[in-house]
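Two complexes, one shared chain (chain A), two partners (chain B, chain C).
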Partner chain A sequence: MKAAPQSAAPARRGFEPNWPARLGWALLLLYVVYAGSRLGFTWERFAAGLEHGGRFLARMFPPNFERWRLLSDGIVESLQIAVIATFFGILLSLPVGLLASRNLMPPWITWPARGLIALCRSFHPIIVAILFVKALGFGALAGIMALIVASIGFISKLFAEAIEEISLKQVEAVRATGAGFMNVLIMGVQPQVLPRFIGFATYQLDSNLRNSTMVGIVGGGGIGATLFTAYQRFDFDFVLAILIVIVALIMAAEIVSGWARRVFQ
Partner chain B sequence: MTAAPAVVAATSEGDSRALVIRKLRKEYRPGVPVLKDIDLAIPGRGMTAVIGPSGTGKSTLIRCINRLVEPTAGEILFRGQDLAKLSGLALRQARRRIGMVFQEYNLVERLTVMENLLCGRLGYVAAWRAWLRRFPRGDVERAFELLDAVGLSGFATRRADALSGGQRQRVGIARAIMQQPDILLADEPTSSLDPKTSVEIMELMAQLAGERDIPVIVNIHNVDLARRFAARIVGMTDGAVVYDGPPGGLTDAHLKRIYGGESWLE
Partner chain C sequence: MSVAARLERDWRRFTPVQRLARHAFYVATAATVVLSLRTVEVIPEFLYDAPAQMGDLFGRMWPMDWRYFGPTWDALVETLHIATLGTILALLMAVPIGFLAARNVTPNPALNLFAKFIFVTSRSVNSLVWALLFVAVFGPGPLAGTLAIAFRSIGFTGKLLAEALEEGDRGAIEALTAAGAPKLSTIVLGYWPQARPAFWSIALFRWDINIRESAVLGLVGAGGIGVALDTALNLLYWDQVAVVLATIFAVVVLTEMAVTLIRARVI
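This part shows the complex of A and B:
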C-alpha cells in the first residue's frame, strides 16, 4: 500500500463513540456481578437443588385426574374470573387511555389520568387481590376486582401510547369537515388504533387467565386455591394434572387470540 | 401592487360570496410573524391560486381560514361571519361548509373509500350513526354518484391504503365535495403526484367545483399549473402578498420577486 498524502490526517470517524452508554453498560455488568456475589449462589446449593427437584418431579408422575370434578370447577371459575375481569378492565381502560393520551387531551386531564394508571400499576395483582379479599371477603368477586385493577394499569397505558402514535393528519382531515369530538374519535382515531387495541386486549386476556389461576392462593377464587392445597398436601400427581389443564387453557386462549387478531386486521 | 384595490373591488362589487381577509397575522413564535398583516379578497367564484416558495406561509394562510391554524390577529370575513373569531359549535358549523383537499390526501387509511367519503358528512351525523355506519341514505347515494364523477366507480369498498396517490387524491376531492361546501381549500393538492396526474387532479377539481359553482383557493408552487387553471393569482413571498391579479399580468419580474433569483426562469 502506498501511503496516500491524506493518510497523514487522522482517520475521519463516521460514528461518535457514545461514552455515557458505554459507562451505563459497564455499571450494569458490575452491579450484576456484585449482586450475584451478595446473594450467596454456590455450586453445591445448585447441585443439591437439582436433586430435590428431581425427586419432586418423579412424584408428579403420572398425573392424577381422579378428582377431575374439583379440577374442572376451579378451572371454570378461573376462566370466568379472567373473561369478566378482561371485559370490564378493557371497558374502563378505553376512556382512561383516551384521557391519558397527550396528543388529544390537555395536560390538566392527562396528568390525573396518568396518575390513576400509575396507581393501578404500582402493586402486583396478588397484593391487590389480598386487599380485595380483606374488603369483600373470599371468593371470585375479589379476584375479578383485583384483575380489573391490574388490567386498567396495564392496558390503559398501552392504549394511551397507541393513541399517541396515530397520524394526526388523518385526524386533522376529519376535524376539518366540521365533525364533533365524538365523530372525530369514531372515524379519525378508532380506525387507526383498533388493530392494536385488539392485540392488547387479547394479550390482557392471556395475562388475566394466568393471573386468575393465582389469585385463588390468597382467597380470590378459581383454581389457585385447589392448586395451593394440593401442593401443601404433597399431592404432586394432582398438582401436575392441574398444571397440564392450565397449560392447555393458555394454549387454547392463544389460538383464540390469533384468530381475533386476524379478524380485525 | 394591486392588493389594496382588489379588496375594494371585491367588496364594492357587493360580492356576498367573497372571502375577505383583513390584517391577518400569524406568529408561531411571538415576534416572528409568518403572515405579515395580509389583506386579500378572494372572489366568490372560480379558482384562485396562491403561489410562492416553500415556507412562505401559503399553507398557514389557507389553514387560518378553516382554523386548523389559529390566527394571531386579523379578520377572515366569509358569508357574514368573521371566521377568525368563531369557536366551539359555531366553528364546527362553519367548517362543515368549508371543504379541504390536502397535499398528502389525509385519508383515514384503514377506512374504505366509501367511509372516507362519508367523513365529509360527519358535521351533520350523530355519533351513534357514525359508529354503526348508519349514514342517511341520501348521503350514501350521493357518495356513489361522486365516486362515478371522480372515476372511481367500483372502489367503494376498497380500503384507502390500497389506492395509488392519484386515486387517493380523487377520494380526497370527493370527500371535500361531499360536504357541499361554500368554498373549497386545496393545500398543495398536486405536490405529491407526478406531472400527468397533477394535471388530471387539477382538471377534476376545476370541473367538480365549476359545475357546483364552488369558489376554490389552491396553494400551489407550480406556476404553470396555476396559470393554466386559475382565474386569479396571488403571489406570496416572505409572509406578504406581492402580486394579486389575473394570470396574464404575472410577469417574469413578478416571479423573480416572488421566488427570488432568476436563473430558474430560463
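This part shows the complex of A and C:
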C-alpha cells in the first residue's frame, strides 16, 4: 500500500495508512517463510527441479499419437462414465435437493437430507472411488458410482438453494386452485427453477468429465488408467498426447454446455 | 377477432425455434445416455456381491487402529501447509493475470485473451495431473503438491477476480484519473479497494476447496495426508485407512465451519 503525498498543513490525509492490515500482511509473510521451511523448500531443490523440468519437457515433445486406439478407448470410456454418472446423479439429486429445501419442507426432513449432502461432499471423488473399487472391483462401474456420489453432494446443495430462492406467490396461486403436491411442484416450482437446474446440470457434466479422466488412477476405469500407466513407464510423449486430448475434450464439452445453457435461458 | 376467438387462442410460452431447440436438447440427452448405457463395459456380477463386499470392507475398517494417528497427524499438518501455501501462491499469480483479464483495467483484447487462455489451461488440467507433472519435475514431496495446488487454482481465482474487477464502479476510477493519478495509483487506490471483499471471499472459497484437493495429492506422491492413505491402502491395513478417512472428514467439516464463521463475521 502506498501513502498519499503529505501536505504541509495538518489537514486530514486522503489515504490513512492501515496499520492492522499491514500487520496482517507481515504475519502472512512470516507464515509463508515458516511453512516453506517446514515443508523443506530450498532454492537448490527448486533450481535442480528446473533442470529436470527441461529434460522432462524435451522428452514430452513431440506428442506421440501412435497408440491412438488405446487413447480413444480410454476417452470413450471416460465419456461414458461422465454421462451416466451425471444422468443418475441428477436424477437422484432432484428429490434430495427438494427434501433439503427449507421453504417447502419441514425441518425434520431437511436436516437428514442436508446431512446426506454434507456426507457426499466431504470426500474427494478419488477417495470415494477407492472405496467403490474395493466394493465393486476394477472398472467403469466403480468410477460411475464415485461420480454419482460426488454429483449428489454438489448438485443437491445447489438445487436446494435454487428452490429456496423461488417466489412463493406462484406456489400459493397454484395451491389456491386446489392442486395437489405434485402439481404444485410441476406448475409452481419447476418453471421457476428449470433454467438454473440446466445450468447446474451442464456444469456438473463438465466437472464429472474432468474427474472421469482421473478416477482411472485408482482403478475406476477411463483414460486415467492409461495416463497413469504411460506416466509410470516414462512414456512422456504419450502422456502429452493424452493430456492434449483431455484438454480438447473438456473445452469441447464447455462449448456444448454453453449452448445448452443458452437454449434454456 | 371476437372475444370468444381470442379466448380460444392457443397460448404458448415459447417461440417455435425455442421449442425446437429444447426438444433437440432433450433428444440429444436421451440419445447420449442410452448410447452410453448400452456400450459401457460393466460386469453385472460385481454388482450382485457389492453389499457383501461393502460389509467386508467396513468389517475390516472396524475397530480403527488409532496407533496410526501419530503419522496421520504429521501428514495432516503437511496437507494444511500445502493447501494454504498453494492458495497464497495461486493468488500471487492470479492477481496480475486477473488484472490483465479484466477488460476495463486492461483495454487490450489480445492481452485479455492471453490471460483467459492461462485460466482455461489451469482449470482444464486436474490437480492430480498437475501433481504428476510436478512430481516428475521436482521429485516426490510437498513442493510438487504445493505447486500443483497453486497452478490448478490460478484459473478459478483469476477468473472470479477478473469478473469482480469488471463489476467495479467507474466513478472512483474517473475521480482518480481526473486528479492526475498514474495507472498504478488507480489500480491500488481505485480498483483494488472495490474488488477487495470479493478477493477475500474468493481466497477463502478456494482455500476450502484446496484442503479437500490436497488430501488426495499424496496418492501420486505429492505429499500430505494422501501419502499416509496410500501407504495404508497398499498394505491393505483397512483399519488404518479408516483412521485417515476419519481425520480427513473431521478436517473438512472443521474448515467448512471456520469458513462459514469467517464469512459471517468479517466479509
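Here, the second predicted complex is superposed on the first by the 220 of 265 C-alpha atoms of A that agree within 3 Å, B and C clash if a C-alpha of one lies under 4 Å from a C-alpha of the other, contacts with A are read in each partner's own complex, and residues count from 1 in each chain.
Note that a residue touches a chain if its C-beta (ideal position, glycine included) is under 8 Å from a C-beta of that chain, and two chains touch if they have at least 3 such contacts.
Note that the structure is a prediction, hence the values are computed from the model and not measured.
**Q** Would you sort A:Leu136 into first (chain B), second (chain C), both or neither based on which partner it touches?
**A** second
**Q** Using the touch criterion from the header, give the chain among chain B and chain C with more contacted residues in chain A.
**A** Counting contacted residues of chain A, the larger count belongs to C.
**Q** Should A:Gly178 be classified as contacting the first partner (chain B), the second (chain C), both, or neither?
**A** Only chain B is touched by A:Gly178; chain C is not.
**Q** Scan A:Phe56 for contacts with chain B and chain C and give back first, second, both or neither.
**A** It touches chain C, and chain B stays clear.
**Q** Would you sort A:Ile127 into first (chain B), second (chain C), both or neither based on which partner it touches?
**A** A:Ile127 sits against chain C, while chain B stays out of touch.
**Q** Contact-wise, after the overlay, does A:Leu28 reach chain B, chain C, both or neither (first, second, both, neither)?
**A** Second partner only, chain C.
**Q** Quick check for you: in the superposed arrangement, does A:Trp108 touch first (chain B), second (chain C), both or neither?
**A** neither
**Q** Return first, second, both or neither, reflecting whether A:Ala260 touches chain B, chain C, both chains, or no partner chain.
**A** In the superposition, A:Ala260 touches chain C alone.
**Q** If you stack the two complexes on chain A, which partner ends up touching A:Met187: first (chain B), second (chain C), both, or neither?
**A** In the superposition, A:Met187 contacts chain B only.
**Q** Under the definition above, what is the set of chain A residues touching chain C in their complex?
**A** Where chain A meets chain C, its residues are 1-2, 15, 28, 31-32, 35-36, 38-41, 45-46, 49-50, 52-53, 56, 76-77, 79-81, 83-84, 87, 118, 122-124, 126-127, 130-131, 134-137, 139-141, 144, 210-211, 213-214, 217-218, 227-228, 231, 236, 239, 243, 246-247, 250-251, 260, 263-264.
**Q** Give the list of chain B residues in touch with chain A in this complex.
**A** Per the touch definition, chain B meets chain A at residues 66, 68, 92-100, 102, 104, 106-111, 115, 119-123, 125, 127, 130-131, 172, 175, 179.
**Q** How about chain A: which of its residues touch chain B in the complex?
**A** These residues of chain A touch chain B: 167, 169-170, 172-180, 182-184, 186-188, 191-192, 194-195.
**Q** What part of chain C is in contact with chain A in the complex they form?
**A** Counting only chain C, the residues touching chain A are 18, 21-22, 24-25, 29, 32-33, 36-37, 39-43, 46-47, 50, 53-54, 57, 77-78, 81-82, 84-85, 88, 120-121, 124-126, 128-129, 132-133, 136-139, 141-143, 146, 185, 188-189, 212-213, 215-216, 219-220, 223, 229, 233, 245, 248-249, 252-253.
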